[in-house]
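Shared between the two complexes below is chain A, which pairs with chain B and chain C, respectively.
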Partner chain A sequence: MSRPAKTHKVKMMEQQLAKKLTRQVVGSLVGCVHCGMCNDACHYVLAFPDDPKMTPSYKADQLRKLFKANFDWTGKAIPWWVGADKAPLTDDDLEVIKDISFGTCTNCRRCTLSCPMGVDTATLNRIMRGLLSHVGVMPEGVRVVSKDQWELGNQMGVLKEDYVDTLEWMSEELEEDLGHGEAAIPVDKAGAKIMYCINPREVKYDPRTIKEAALIFWAAGESWTMPSEGWDNTNFGLFSGDDGLGGVSARREYDKARQLGVEKIVISECGHGFRSTRCEGVNWAGEQQPVPMESAVMTMLRFIKEGRIKVDPTRNPERVTFHDSCNNARSCGFYEEPRELLKLVTMDFQEMYPNRAENYCCTGGGGAMSMSEYTPRRLESAKVKADQIRATGAKVVVTSCHNCVDGLSDLIKHYGLGCEVKQLVNLVANALVLDEVKEPEAVPAPAEIEVAPVAVASPLAGRKILVVDDEDDVRLFLTTVFEDAGAQVLTASDGDTAVAVAREHQPDLISLDLSMPGKDGVETFVELRRTPETEEIPVCVVTGHPEFRQVIYDRPVAPPEGYLGKPVDEDKLVAYAHHIIEHREAKVH
Partner chain B sequence: MVEQRVGQKTIRLVRGDITEMEVDAFVFDITEDVKLGSGFGGAIQQRGGVAIQKQLDTIGSCPTGEAVVTEAGLLKASWIIHANGPKFREEDEEAKLASAVRAALARAEEKGVKRLAFPPIGTGLYQVPLDLCTRVMVDTISEHLSDGASLEEVLIVAPDDREYKPFAARIQEGA
Partner chain C sequence: MHDVSPALHTAEIIHWIALAVMAVVYSLRIRWLLSFNLARDRSVPGNPAQSNAKKGARHSLFNVAMPWSMESTRSRKGFGFYLSFVVFHLGVVAGIALAFVSTIAPDVLRIPAVATTMLALIVGAFLVALYRIARRLLRPLMRLISTPDDYFSLIMLTVWFGLGACTQAHLIGAWGMTSEAILIAYLYLTSFFLLYVPFSKISHYLYYPFTRIYIGRALGHRGSYPVVRGEEA
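Take a look at the complex of A and B:
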């Protein structure tokens, strides 16, 4: 039977592959003997042991077939033996390979450690992703996120004014906490010693980590700054295989560091951010003399060792375990420092097994969190990780990676592990011992003086908030918190009612749960965004539900203005609501 | 300053965020389904408001090599010219890119635009080779300006050195 003609996309991929064939890559392409020793290393194989398509060698063979058919003599001499006669030819073939390359591998590189031939399967899979991305064959989430990073300089589409606003917000909170403004976050401070680069997830969904880092820098008396541009330490080029994006993203950080004249870039706790900025970025960017770089974990550890900050581990008494980010541990050999730091700031550390370079993937790596179409398979493949965590008995899983935070949080909920995820910056900030401020001596008030009642702070006074949640107790809790803060509260227990109430009453903010029976929160959110009367009402999503990824990454409509995971902290909820409403008003005016 | 004079007209290279440019109109590289999407499209939606996507929804589609116009909502520009350039190494990318640039220039003339800003069309996510893009864009714009255009100044807004350097070289060749 004759094979179909090669499509234009396949020809373009072959041309692109020719540019990727370094000696190391060719070594991995020709070195595999299909011995199967990598199989048990892969969390997908462990979850689907009867499916041969989950084996690392099968995944790498997709690229091998293309290579053999076009660049290797064996493909001409014995094509049936080396698979060259099954190389992709049509656009349908590419769609199948897309699901293999993006949907059955997190590029965690665990299989690489167990290969007796030294085959780096994750590198081959990344190259295949790069070839597919080159011709536009990729999951929608990867396309959306890559475009954000190419054009706006960060992978979550954070606008410069929103980033700066968040830093100012965190500075204000620090001032409130400390009673002075000395810990305010310096932006674009030329000549500072350290430039601190972060993951945009911190701006968008977890700004407390920025505040905690600022507190630690201030406590250590460090000369530091955050850049107004080139601040994103993440790099979606690592995940999509697009070396062009990899180079341009890394160079933005390096250029900004040189412009500010800093001595060092400190990378906040992000596994792929560390690998991309510190290890791979210099190669993609063609840098000869990169700026010195280190992880914030090393910075915090140094502060303690040099006596620049004091910590009290009794403030973190619960049992903790440590999950190694694949990019930190396996690809960068960075696994002892976080343990050393963890032991200094906690009381009960329990190692998980296996660990360090042999630890299993959180299953959220390699951009998996941005590919919502593969969520069920991802969570199924997480069983081995769940078993590892459960065996430790830990209440807190600590990790130095934002992707891992999301991946672990999802699997903890999915498998009902009943623990939470923290990063080292959370624990160090919590353990931080600041110089004690002398309390003024109490002076008894004369009996005849009446003390005026202190006005109750009502940060949401005059605001109208719609609470949408199907659970009565959660709805009551949120209503109470918002009413105590001065807001008028409307409620809805399902999506249809929520849209109707929002249309009629035009609230200042909608607090939206995502997992509801009937029309779920994602559908409700999209409808709110597409309904003319409600499209501009800010929404704060309150959930821990994995389906939320679709809203973040596929971006069918503009993303929500805020996000909070359950269980919700009351103060944080009010602060978020207040900030979102004020920020929206400032934008409109 | 990197610029090329074409008679009384100017092609100028600048750095910055194209959605914040103080120009009469700027060009956005759109897809056939005229969805603004992420990247600059996300910035247009967030800074410019929801009216822009609504106008695009009314227009419905824009074939490769063509361009359509909307107002610019709350942005500093008056118009956005949505040009559909070639994407992901599709066939005939040089001809399609030249066609998209010409279509964008034609829409600008129809609206009486004097200052127009272009991004390097397609050189990021969409994988258009930089050398091809610089040559086609600078030459096509230059030809248009020398041919009795009412446009007075065309800016090319490079987001990074990666684009700035080759565009600077090409513009200076013709200066």
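Take a look at the complex of A and C:
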């Protein structure tokens, strides 16, 4: 049977591959002896022992075949002898490879440590992703996130005004907590010593970490700033294999640091952000140490060691364990500092095994959280991680990576582990001893900013909130929380009712569940945005399915104003609702 | 040179020619590998207190002699595989030595200690090779990643080990191996083996120092290799 002709995309991939062939890459391509010793290192193999396609060498072979067919002596002369006859030819072949490359490997690099030949399978898989991305073959989530990072400078499509607004919001909260405005977050402060770069997830889903970092910087008396641009320490080029995007994203941070004249970039707790900014970014951008860089973990540790901040570990009495991010530990050798810091701010640290460079992936790595089509497989593959966590008996899993926070939260829920995930910044902030802090109630409020007691107790007084959730108990919980905060609450248990109620009552905010029978939350959301009477009503998504996050942000309508994962923290929910409504009003006026 | 029959003499000459050809092709192979750019990591050393590029490269190069260094060879199952790997590769060394020494100083192979060791190594490797064939044929995942070259290389080595054991037996007059044809066949097969290797997966040993040094240097530079393990609970 004659083989089909090579498509244009395949030819483009072959040309692109030629540019990726360094000596190290070729070594990994020709060095594999197909011995299978790397199998058991991979969490996908452990979860699917009967599926041979999960074996790391099979994944790397996708690139190897392409290489052999075009660059290897034997492969060019007798392709079938070395498997080069199975190299992709058609666009359908590329779709199959896309699912292998993006859907069965998190590029965690664990298998490399178990390969007697030193084959770097994750690097080969990343190259394959890059070739596919080069010809536009990639999961939708990867495409959207890459586009956002290219166009908006951050991978979650956060607009500059929303970013700045969040920093202001956090500054206001700090002022409320401390009773003074000295801890306000400086933006674009030229000549500051430190430029603090964050993960856009912090702006979008977890601004508390920004506030906590600001509190720590202030307590240490550090000269620091956050940049108005080039603030995203993450880099989707690492996941998509696009070195061009990698270089542009990294250079945005370096350029901003040079423009502000800072001494150092401090990278908030993010594994792939640390690897991209500190380790790989310079290679992609072709720069030689543009400015010193370190993780916020190292900064916090130094603050304690230098006596610039005091911590009280008894404030974190619960048993904690530590999950090493693959990017931090395996690819950057960064694993002792978080342990050292953890032991200073907690009372009961329990090591997880295996750990450090041999730790298992959280299974949310390699951009997996943005590829919802692979979620069921990802959660299955997380069994080994769940077993690792369960064995520690810890109530809190600490990690220095935002991506891992999402991956771990997801698997903890899936496997019913009953623990929560925290980052070191949360624990350090909680353990922080502020000698001079004035308790809010002890601060006599100036008459002109005195707040009526009813307003303090009822931050949502006078507001109308529509709660949409198909689960009775969740609806009841959310209703109670909002009513306790002074809001008038309307409810709907399905999408159609939600749209009808919203049109009729024009609430100040809609709290929307995503997973509902019939018209689901995503469809409901799109309809609300497309209906003239409801399009301006702010929506806060409240869901137990983090994997839907990307789906909703991918819709061709304005994204939701807020996003919260279940289980919801009551205070956080009220604070979010309050902030979203205030923010919307400020915009309107 | 020792006294040999014309047929054996021809086999010996072909064998040495094959060796020369292999050396040339190997040099070309290495030249080919070196023709690709060596990527340099521009990042500053990740954690010099833990490791560096040199330390990582050194440790990685000798990884083959440290079964405790990898999870895949540290576990009980993995250690068994490691032992079989050692036996297999020692058998290859013994088989090649047998081919060359038999052409220049066959008497050395008749020294009892040498003869027993050679026979034990080659027979051991033969048994491991049989196990490897079964493993490659029976395990679905091994079948999935195997190419005709993988099967052929393994089968050829298995036959080569078998013939090598018979050759060693012939040299010491054991197992009723009296015909010189065994030695001649062994030399021809070795010649083929030498010519085939540079074009097959068997050339991996040529790449081993490169791939190991590259990965060790890369991870050592970042500070994550050699691997540090927290004490087990």
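Assume the second predicted complex is superposed on the first by the 538 of 589 C-alpha atoms of A that agree within 3 Å, B and C clash if a C-alpha of one lies under 4 Å from a C-alpha of the other, contacts with A are read in each partner's own complex, and residues count from 1 in each chain.
Just so it is clear, a residue touches a chain if its C-beta (ideal position, glycine included) is under 8 Å from a C-beta of that chain, and two chains touch if they have at least 3 such contacts.
Predicted model only: the values in this text are computed from it and were never measured.
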{"item": "Combined model on chain A: chain C and chain B, fit or clash", "value": "fit"}
{"item": "Chain B versus chain C as contact partner of A:S114, first or second or both or neither", "value": "second"}
{"item": "Per-residue touch tally on chain A - higher for chain B or for chain C", "value": "C"}
{"item": "Following superposition on chain A: angle at chain A, chain B versus chain C, Cα, nearest 10°", "value": "100"}
{"item": "Which superposed partner A:R555 touches (first chain B, second chain C, both, neither)", "value": "first"}
{"item": "Touching partner for A:C332 - first (chain B), second (chain C), both, neither", "value": "second"}
{"item": "Partner chain(s) touched by A:G157 [first = chain B, second = chain C, both, neither]", "value": "first"}
{"item": "Where chain B and chain C come nearest after superposition, their Cα distance in Å", "value": "20"}
{"item": "Sites on chain C touched by chain A in the complex", "value": "33-34, 36-39, 41-44, 46-47, 50-51, 60, 63-64, 70-73, 75, 78, 81, 85, 139-150, 152, 199-201, 203-204, 207-208, 210-212, 214-216, 218-219, 222-225, 227-233"}
{"item": "Residues on chain B engaged by chain A in the complex (per definition of touch)", "value": "17, 37-43, 45-47, 49-50, 87-91, 124-127, 159-162"}
{"item": "Touching residues on chain A, where the partner in the complex is chain B", "value": "8-9, 12, 134-136, 143-148, 150-153, 157, 159-160, 244-245, 247-248, 251-252, 255, 535-536, 555, 558"}
{"item": "Footprint of chain C on chain A - complex, ascending", "value": "21-28, 30-34, 36-41, 50, 52-53, 55, 57-58, 61, 73-74, 80-83, 112-120, 278-280, 282-283, 286-289, 292, 329-336, 351, 353-358, 391"}
